[in-house]
Amino acid sequence: MNRVLVATGGGDCPGLNAVIRAIVKRAGQEKNWEVLGSIQAFDGILSEPTEVILLDEKKVSGIHVRGGTIIGTTNKGGPFAWPVKRADGTYEYADRSDEMIRKLGFMGVDAVINIGGDGSQKISQALYEKGLNIIGVPKTIDNDLQATDFTFGFQTAVQIATEAVDKLVTTAQSHNRVLILEVMGREAGWIALHAAVAGGAEVCLIPEIPYDINKVVERLEQRFNRGKGFAIIVIAEGAKPVGGDVSGQKSSEVGYENLRLIGAAARVMNEIKQTGFEADMRETVLGHLQRGGIPNAYDRILATEFGVKAFEMVLKKQYGYMVAYRHPDIVAVPLKEVIGIEKLVNPDSSLIKAARGIGISFGD
Amino acid sequence: MNRVLVATGGGDCPGLNAVIRAIVKRAGQEKNWEVLGSIQAFDGILSEPTEVILLDEKKVSGIHVRGGTIIGTTNKGGPFAWPVKRADGTYEYADRSDEMIRKLGFMGVDAVINIGGDGSQKISQALYEKGLNIIGVPKTIDNDLQATDFTFGFQTAVQIATEAVDKLVTTAQSHNRVLILEVMGREAGWIALHAAVAGGAEVCLIPEIPYDINKVVERLEQRFNRGKGFAIIVIAEGAKPVGGDVSGQKSSEVGYENLRLIGAAARVMNEIKQTGFEADMRETVLGHLQRGGIPNAYDRILATEFGVKAFEMVLKKQYGYMVAYRHPDIVAVPLKEVIGIEKLVNPDSSLIKAARGIGISFGD
Amino acid sequence: MNRVLVATGGGDCPGLNAVIRAIVKRAGQEKNWEVLGSIQAFDGILSEPTEVILLDEKKVSGIHVRGGTIIGTTNKGGPFAWPVKRADGTYEYADRSDEMIRKLGFMGVDAVINIGGDGSQKISQALYEKGLNIIGVPKTIDNDLQATDFTFGFQTAVQIATEAVDKLVTTAQSHNRVLILEVMGREAGWIALHAAVAGGAEVCLIPEIPYDINKVVERLEQRFNRGKGFAIIVIAEGAKPVGGDVSGQKSSEVGYENLRLIGAAARVMNEIKQTGFEADMRETVLGHLQRGGIPNAYDRILATEFGVKAFEMVLKKQYGYMVAYRHPDIVAVPLKEVIGIEKLVNPDSSLIKAARGIGISFGD
Amino acid sequence: MNRVLVATGGGDCPGLNAVIRAIVKRAGQEKNWEVLGSIQAFDGILSEPTEVILLDEKKVSGIHVRGGTIIGTTNKGGPFAWPVKRADGTYEYADRSDEMIRKLGFMGVDAVINIGGDGSQKISQALYEKGLNIIGVPKTIDNDLQATDFTFGFQTAVQIATEAVDKLVTTAQSHNRVLILEVMGREAGWIALHAAVAGGAEVCLIPEIPYDINKVVERLEQRFNRGKGFAIIVIAEGAKPVGGDVSGQKSSEVGYENLRLIGAAARVMNEIKQTGFEADMRETVLGHLQRGGIPNAYDRILATEFGVKAFEMVLKKQYGYMVAYRHPDIVAVPLKEVIGIEKLVNPDSSLIKAARGIGISFGD
């Protein structure tokens, strides 16, 4: 019996389960293949006792409609940086990659499919260089991987953010308010940009286009002067002002939780107030609601294509490669050529132009 | 031509437009009646120039599916406490109620339908005592009015909060996290209670049942010990600990915005941490997303019944009365008997018992 | 160990799983109780081999968000009329109730909770009269049981039907069409009535108010004359014309499937055409889409309350009773007093009045 | 003042309003441009009196979230085949294209943007050849235009069809039924294919792959043998058996409406029965529900990009061209090169392979 082991790493993302299901269903069409799942990324292999489960058709039945991942995930560590608590409560990090590869051998694992973001794929490549038969499946809810046109999860997140804008519009309109919605995107503003266009925001602030708060206020004033007493601002969590170091605003006297809370939306609200612009303003942080829930049709389809392709790459022994969507094809690309390359919003792209064309200001 | 004027006051609420539409459609069945709308509660009457619009069938066509209110609303003042800015920037409050009643006479308004919460209905009663022909329609997204079994907007808010729980469950499960969702409810925990039961939370914290953080942690530990690595806490913004004054935690050195941000969810997260309970925790504040969006079928129906009834009360000159839902009937109740009476969650109610029956802890 | 067995009978309905989950969770709070589930109503007990499963916390984890029933259901037979195929292919019906009660004894079942509609509860009562410790939980997506103010599933079906109306409005409007939506309701028009009010239909045809097709056309003409080039008709599958026997229209030359297909919507479309009214018309039959999917928050809550109450009735040995919702309480009512009593729409109810108040014609 | 006239033709499609809004918003950024809308495709120009309206920012405010088209549409005729009723009630078709171009001149229209499917774009090209300054925007909910990678409306239709599958799964599972869902697609099976993969159907029947009913039954039997007592079939309305002329089954004795009703789903259900396969089966026709409702984020964005691009093509006088999406760009393509070229599902495409990979049978 041949064995392929699947792991999901990094933040959870709608569509992970559809990838897992597709791998299991596709493997079921071959004789002599079974699929194992490592619980919480590679932790399941390294834990004592081992947490590795058999993934059969019954276990994956119907899971493609559910968010998250049935085999769990984690953001921490990985086999090359396994956190070990010291006596004083601090951590050091151990390289347990050799041990992990050895354990995979004991389990009779012939190949590994590692579903995860850029960090996870760097681990894939490092394990591949150590001789592991590994294949990557890209995952980024933020859409910030250069290697692939899109990944699963992004369209669902955009839909959730857009529905949030839709909801805010009615309340903004009723109260003549400026409502500021903060969405995911530390380095790349894809979700903010898409939700701003789809929802019909007036202002969109993204990391790729540093904003001038006076330009933002100019757009708001233009809006309010024309008799419209409300406006929507969609802001990526990583948006920043021109030349801007925003750290000064995260004053040291507030604790960790507050630092997180005083996010981009609240900061921009304060900056707007400081210009003297007078309007009733409110902010909403979408947070974890973006990751959860039912993947939409688009993401389920893409995830299914990725899963089937990944298993077929196993059959072809295309190790050291990652699945990618290069419209309209699902292809295999060498991991080493794609890891570490971020895909940012191009300020000259047709989507940015379309956004400006319907009057969205980026504060520039 | 007889005229009825409609106003919507207080926080916006899904279903307001369905009430307005029903009034206009029902009035259209009578000869010689037209409907006016005052923009932003009664401000439209008192503003210079007056902002009062004619509401005809065309203006209300299709609005029942839209959240918010097409005639706007406001939380501030009202005719008895009209804010007037002093030279030093502070405010004083003027009683302009007589002027407003006079203006309504000039406009030929025969009756007023005032759609709003308890504050608005107190204004209704005070205007009624001054001789105005006024009828109230109750509005409270929080479900905290004793006078009526339910009002429109509440079921939509519960649905939105429940879908948020559904979304958080998948991400909590994938990451073995405790996720804390803060929903509306300063005095009454109706939304939190309903969303906790419908979504399947482990803990629900509401103002009516002060919590002991150790009991909360006990429930979490019981959950984690049984091998379930995740939990959901739904908390009303007004939830408080036993004997609890929570103000001390809103430290004076953080500004106004932070005070708001360090809400119930973040506070409870800190309290849990201080007990030494170790788990990855995250909080999400649902905020304005609860008010917005498309009213669900239940709320559109109830709002429609309220609107039709309100206009029929005008025809019967049942002034000084408020529409109410006393299952299964839509009735008229005297305003003076119902204002100021809050409806809180009864800790002995069948819903609380059902909640405990499925293992929800209230931290008591 | 005490044992309670749960069965779900009749057409599936959103919320069934939430009832099952609540029973299991509540039973888990008592020492020495376990819950069994009979697969496909009572068939699981009578099948060879028996199909009865243990329902533990793990099996019911998260099922409250899923439509249908995890233990399956059936519309056929029951223990008093078990279909047995004769040699010639026809069926006779055997009474296997004694055998079933005996088998339940062998299994050590102390009590049975039977979740189902009026037909299922008649079986409950008959089994109770034979000495079985049985409790009923009412289920009717049509809302046609007199015993209870509402049951779970109905609000979800109304929401689905309302969203269908919302979708049809935009296409009707764009094409100046009359769109006719057929929804469930053979005897009672509850879903049609609620969806018509919530969605804003012009015409609503229900079994309780026989329609005159000329009155229907009158309403359409009034609508089209006022410059609105579209209209929505919501029709219950059991709607019928005044004095009307509709069977003649189901011509004998079309086979069984067609009989079903030429339902109420298509029939009314033809009747309208025969009056000479000229408009582009289309019909849509909502069908099985009404039963499926995720129960909304309202139904999950009601189902949870029913499940907890049912198990508590077991603890109190209130056999021969059915759970019921009598606003605002969840109560126990004697089965024999409530079975066979249908709840029809009262043409003088406040909801019918509200519907007429916003211009909905019932064709009368 | 320069004038651009917009028309929407053919079946309505989610996203049409977002295109209109984008054109109006983009035009508003130029001096001296105004946008007119012709009511119901080009009928508004040819009607007496003319039905052409001014489209300003107020008229398009918020319309991007609404399905359908605010300027109406029609499937009939067009300027080259204007239907004229003869005395005997039959129709002849007149060419009124010259008259229409003349009238556009009188109105001071400088350019026309024609949003519509392949039929509409053939009219665009014919008008262009007669000298009209015209630009096309492609619209096809079926995704069957070769010229463009995707158009707006398709993803929304797929999402609606997928949610229908999700709903049917729970009821199929509870009752051990085969449920057959018929979706749009006369020539191309795109919606069926996408919904089958996203929803997790067992069988998908599309026009591009003629089916053998015995192969379909084989897949069902395989499914039922493995203990799964339910299955979902998604079928495009244009699916047909191998070598198959299905017209014989639309027997002449049933009238027009029945012909439509005895669609692909009912036909396949009968064909399955005739093989002797025994299972409880039901069919559902999604029908007009696929066109309606709120466009999803993806479609709103694509529609917005199309609208902005179309107006910019007007500014550049790129007449005789059509907007197209060639991933990742929005481009202009010559109408004459793209009209009449259908895009069918390629049986060797990666999506078909992925579908087969998760066990979907196409009946071949």
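Note that the chains are named A, B, C and D in the order they appear, and that numbering of residues resets to 1 at the start of each chain.
Keep this in mind: a residue touches a chain if its C-beta (ideal position, glycine included) is under 8 Å from a C-beta of that chain, and two chains touch if they have at least 3 such contacts.
Bear in mind the structure is a predicted one, so any value in this text is a computation, not a measurement.
Annotation of subunit C and subunit D: not jointly contacted by any chain, touch as defined at the top.
Taking the mean of the C-alpha atoms as each chain's centre, subunit A and subunit C sit 41 Å apart. Subunit B and subunit C have Cα centroids separated by 32 Å.
In terms of their C-alpha centroids, the spacing between subunit A and subunit B amounts to 34 Å. Shared interface positions of subunit B, defined as residues touching 2 or more other chains, are 166, 169.
With chains as nodes and touching pairs as edges, the resulting graph is a single ring in which every chain has exactly two contacts. Against subunit C, in their complex, subunit B makes its touches with residues 21-22, 25-26, 28-29, 62, 64-65, 149, 155, 158-159, 161-162, 166, 169, 194-195, 197-200, 296-298, 300-301, 304-305, 307-309, 311-312, 327-330, 349-351, 353-354, 357-359.
Within the complex formed with subunit D, the subunit C residues making contact are 8, 11-12, 16, 40, 66-69, 72-75, 160, 163-164, 166-171, 173-176, 179, 229, 253-254, 257-258, 261-262, 266, 269-270, 282, 284-285, 287-289, 291-293.
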